[in-house]
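Two complexes are shown next, each including chain A; its partner changes from chain B in the first to chain C in the second.
== the complex of A and B ==
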């Protein structure tokens, strides 16, 4: 009886594992298949380096360079804003000895990560966009900067949690040794814990960057969505926003339809590349530590 | 003044557990005091109380008095106290940075500036610990790559860098092999010319080999303290005799 149960369990878990792997490959295969069709009409290089997106004109052009740039730009702004805040937060949390307070802050961060994207977009529209309009006297506050600010808040929990984990470990490990040398806690954080977390900070940056690149709803609501070359205080449109906004109106099988799939393919490739980089660095770091 | 550290009626409790009970002890200048006793008798807590590391534990309560050069340790600023009374832990704990930076870490905090000054002190302490010849060409190498014995000598050198007067050692050889134990023991004897050393050890032979005086603790009480020769050849208390004969512990 026990044995049959064991056997059944192992067969079932194998099946589920296979299903999830197969699903991943199906997604990649499907997107690739749908997007490759476009290259009968457009050159791949023209597609990713083209400056105009006008798939519905009588002579349609599909270039997604502005969207690629906007995606990278807004994600970079987000990471740049959220990294110093996240590192500061992580240092504070790692050194916090009041367990109840630590639990409180950790759950606040978890809640922050659980707020739906559309709510962030909504608040971004009401607060960030309005704020930028007033401060910089803009006609419209929807911009790369507002997208970056909203995204910064959204990726903050990821940065904090992954950096805190490493910092907490080394804080616990070295605290007494460091204190026994007559050194203050803040010096320890600055001279020992922070430099020792370099690797974790780098990986958290990559993780946050890829999160930011894939985020759709909130960015779409605060960025104005014009397929033009992005400026910090000007409108821009990310790849994911482009797809979300236009896929509903694109005729099935049309150039427009395939161009959107190809944009998705490009985004997916960037993200797979970033994830691979993330794992490589992480693996390298753990080996280095051992 | 004959004594470097004097403990008057020192008691320590953590939560409900009484760890040290009314300990009276005087530690002379530039001698090695070995503290022995079975596990859980309060040896480590004693060391942690002397440099006030015990204060980091919220539940700890300390009563009685500890005089460092005649002055209560609570009247000395914490950073100064811990600089003057160094502590070497049981496990070698090199920081995850280069050998050089391990030693420069506390020096920089205590205000030593300039590469030349730093290097002079670091070289002197590495030489003192017999580590200089082994690592002089690898000062930028990660300290984690050193062997266990080297790591422990580095930990000692790091404690010495900030010029303590007293060096507390918590079973510094317990994770080392015979060869490295011998090196560290010779080092401790050498250090006792300039430093007062309190070493906690499980190893009775070690206490006998290196210590000038030996103190025996049992269940938080100081049972007996005497100069080492006298302590081992002619113990006064019944408990000490039994412990030395290996009847418990």
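== the complex of A and C ==
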């Protein structure tokens, strides 16, 4: 009896694992297949370095360099804003002795991660965009900066949770020693915990960066979506926004349709690369710690 | 032991659900009945991406109401109603009728005489009109100075030749004009492009709103904004948007339907030859009051 269940369980879990792995490969395969078709008409280098996106003109041009740059720009701004806040928050959480308070803060961060992105976008449109319009006297507040601010809030929980984990470990490890040596808590955090978490901070940056790159709805609502070269206070369009905006009206099988799939392919390649980097660094770190 | 049983049970149940999910999707094909005449239970619509959501909505409602054809009319066979709608653009819709690969074509533009001549027994159903109003924020002082813009003025605003409101009228402040559009590749922009811009390009740094709702929100929120709000949206946001006349013609439903208001396009379903009884039943539903209400709800001007 026991053995039968054991066997059934192992078979079923194998099946589910295979299904999820196969799903991933199917997605990659499908996107690659749909996007390769465009290269019969357009050169790959022209595609990623082209400055104009006009797939519906009588002589269509599809260049996504402005979108690639905007995607990187807005993600960078987001990480730059949320990193100091995230590290400060993680230090505080790691050194917090009151377990109840710690649990409370952690759950608040979890809620922050669970808010749907369209809500962030809506708040961004009504608060951040308006704020930028007033502060910088802009005609329209839709900009890379507003996208970056909204994204910073969205990726904050990921930075905090991955950095806190490492900091907590080293805090526990060095607490007794520091107490015995009589150094102050703030000195310990500054001179011991923070340098020790360097690797974790790097991985959290990569994680946050890849999260930010893939985010669509919130960014689309606050960035203005103009396919032009991005400036901090100017409008911009990310790759994911481009796809979300236009895939609904792109005729099935047209150049426009395949160009959008290829943009998705480019984004996917960047994300796979970032994830591989994340994995490698993390692996190195855990080996290093042990 | 108990926990293992539970886990195994959970896995079995979830697998069972997964399999059921698969089967219900694939289970559309029922064994063919030995009917005297083959009853065609499928209707295929193909074409305009603007009309596709309209016909999808109509067919969903039709389906929910009747489910099988024999409930529509007792003379029809007892088969599931299957209406397939796919969007691929107006030209593709017309072409599909010429080639005879779909039952109905959808077009959100006029069908040219040349195209009509290629279709034997051409029939069209005009469902309504899609119209855009050139709207600004009611606080914009331009609304006090004039109530009509010429095509040329609108063109210059959207193309970026007029950069500030001061360029439009010397009595207005030198604040930048914020131009809001839908996605440049989409159907709404196509109407605007054809009616106003012609060959001129819209300036590159316009705000592309992800939906008509977002476009309208931007105009309501920003005093310097101008954009093309759909006719339906202006009615839903009375007082919050200030639509202009175009070349002196107001965007009323009469003007839109008789074609004098120019920023509009017809929504047409086309057909080659006679309709089958079941096709007629569905088209009767589409042009009924209920169908027209749905078209109006989706933001278009119904052809009542």
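We take it that the second predicted complex is superposed on the first by the 290 of 290 C-alpha atoms of A that agree within 3 Å, B and C clash if a C-alpha of one lies under 4 Å from a C-alpha of the other, contacts with A are read in each partner's own complex, and residues count from 1 in each chain.
The rule is simple: contacts are C-beta pairs under 8 Å (C-beta built on N, C-alpha and C of every residue); 3 or more make two chains touch, one makes a residue touch a chain.
This is a predicted model, so every value here is computed, not measured.
Once chain A of one complex is fitted onto chain A of the other, the partner contacts of A:249 are limited to chain C, with no touch recorded for chain B. After overlaying the two complexes on the shared chain, residue contacts for A:55 are found with chain C alone; chain B is out of touch.
Of the two partner chains placed by superposition, only chain B is touched by A:191; chain C is not.
More residues of chain A lie in contact with C than with the other chain of the pair chain B and chain C. When both complexes are overlaid on chain A, the residue A:227 reaches chain C alone and has no touch with chain B.
In the superposition on chain A, A:2 contacts chain C only, with no contact to chain B. In the superposition on chain A, A:106 makes contact with neither chain B nor chain C.
Judged by the touch definition given at the top, the superposed model places A:13 against chain C, while chain B stays out of reach.
Across the superposed pair, chain B and chain C touch chain A at no common residue. Interface residues of chain A, counted against chain C in their complex, comprise 2, 5-6, 8-9, 12-13, 15-16, 54-56, 125-126, 129-130, 133, 139-140, 142, 217, 220-221, 224-228, 234-235, 237, 241, 244-246, 248-254, 256.
For chain B in complex with chain A, the residues that touch the partner chain are 51, 53, 56, 78-84, 86-87, 89, 93, 95-97, 105-106, 108-110, 155, 158-159, 162. Chain C makes touch with chain A in their complex at residues 1, 4-5, 7-8, 11-12, 15, 49, 86-89, 92, 175-178, 183-187, 204-210, 214, 217, 221-222, 224-225. Against chain B, the residues of chain A that register as touching in their complex are 170, 173-184, 187, 191-192, 195-196, 289.
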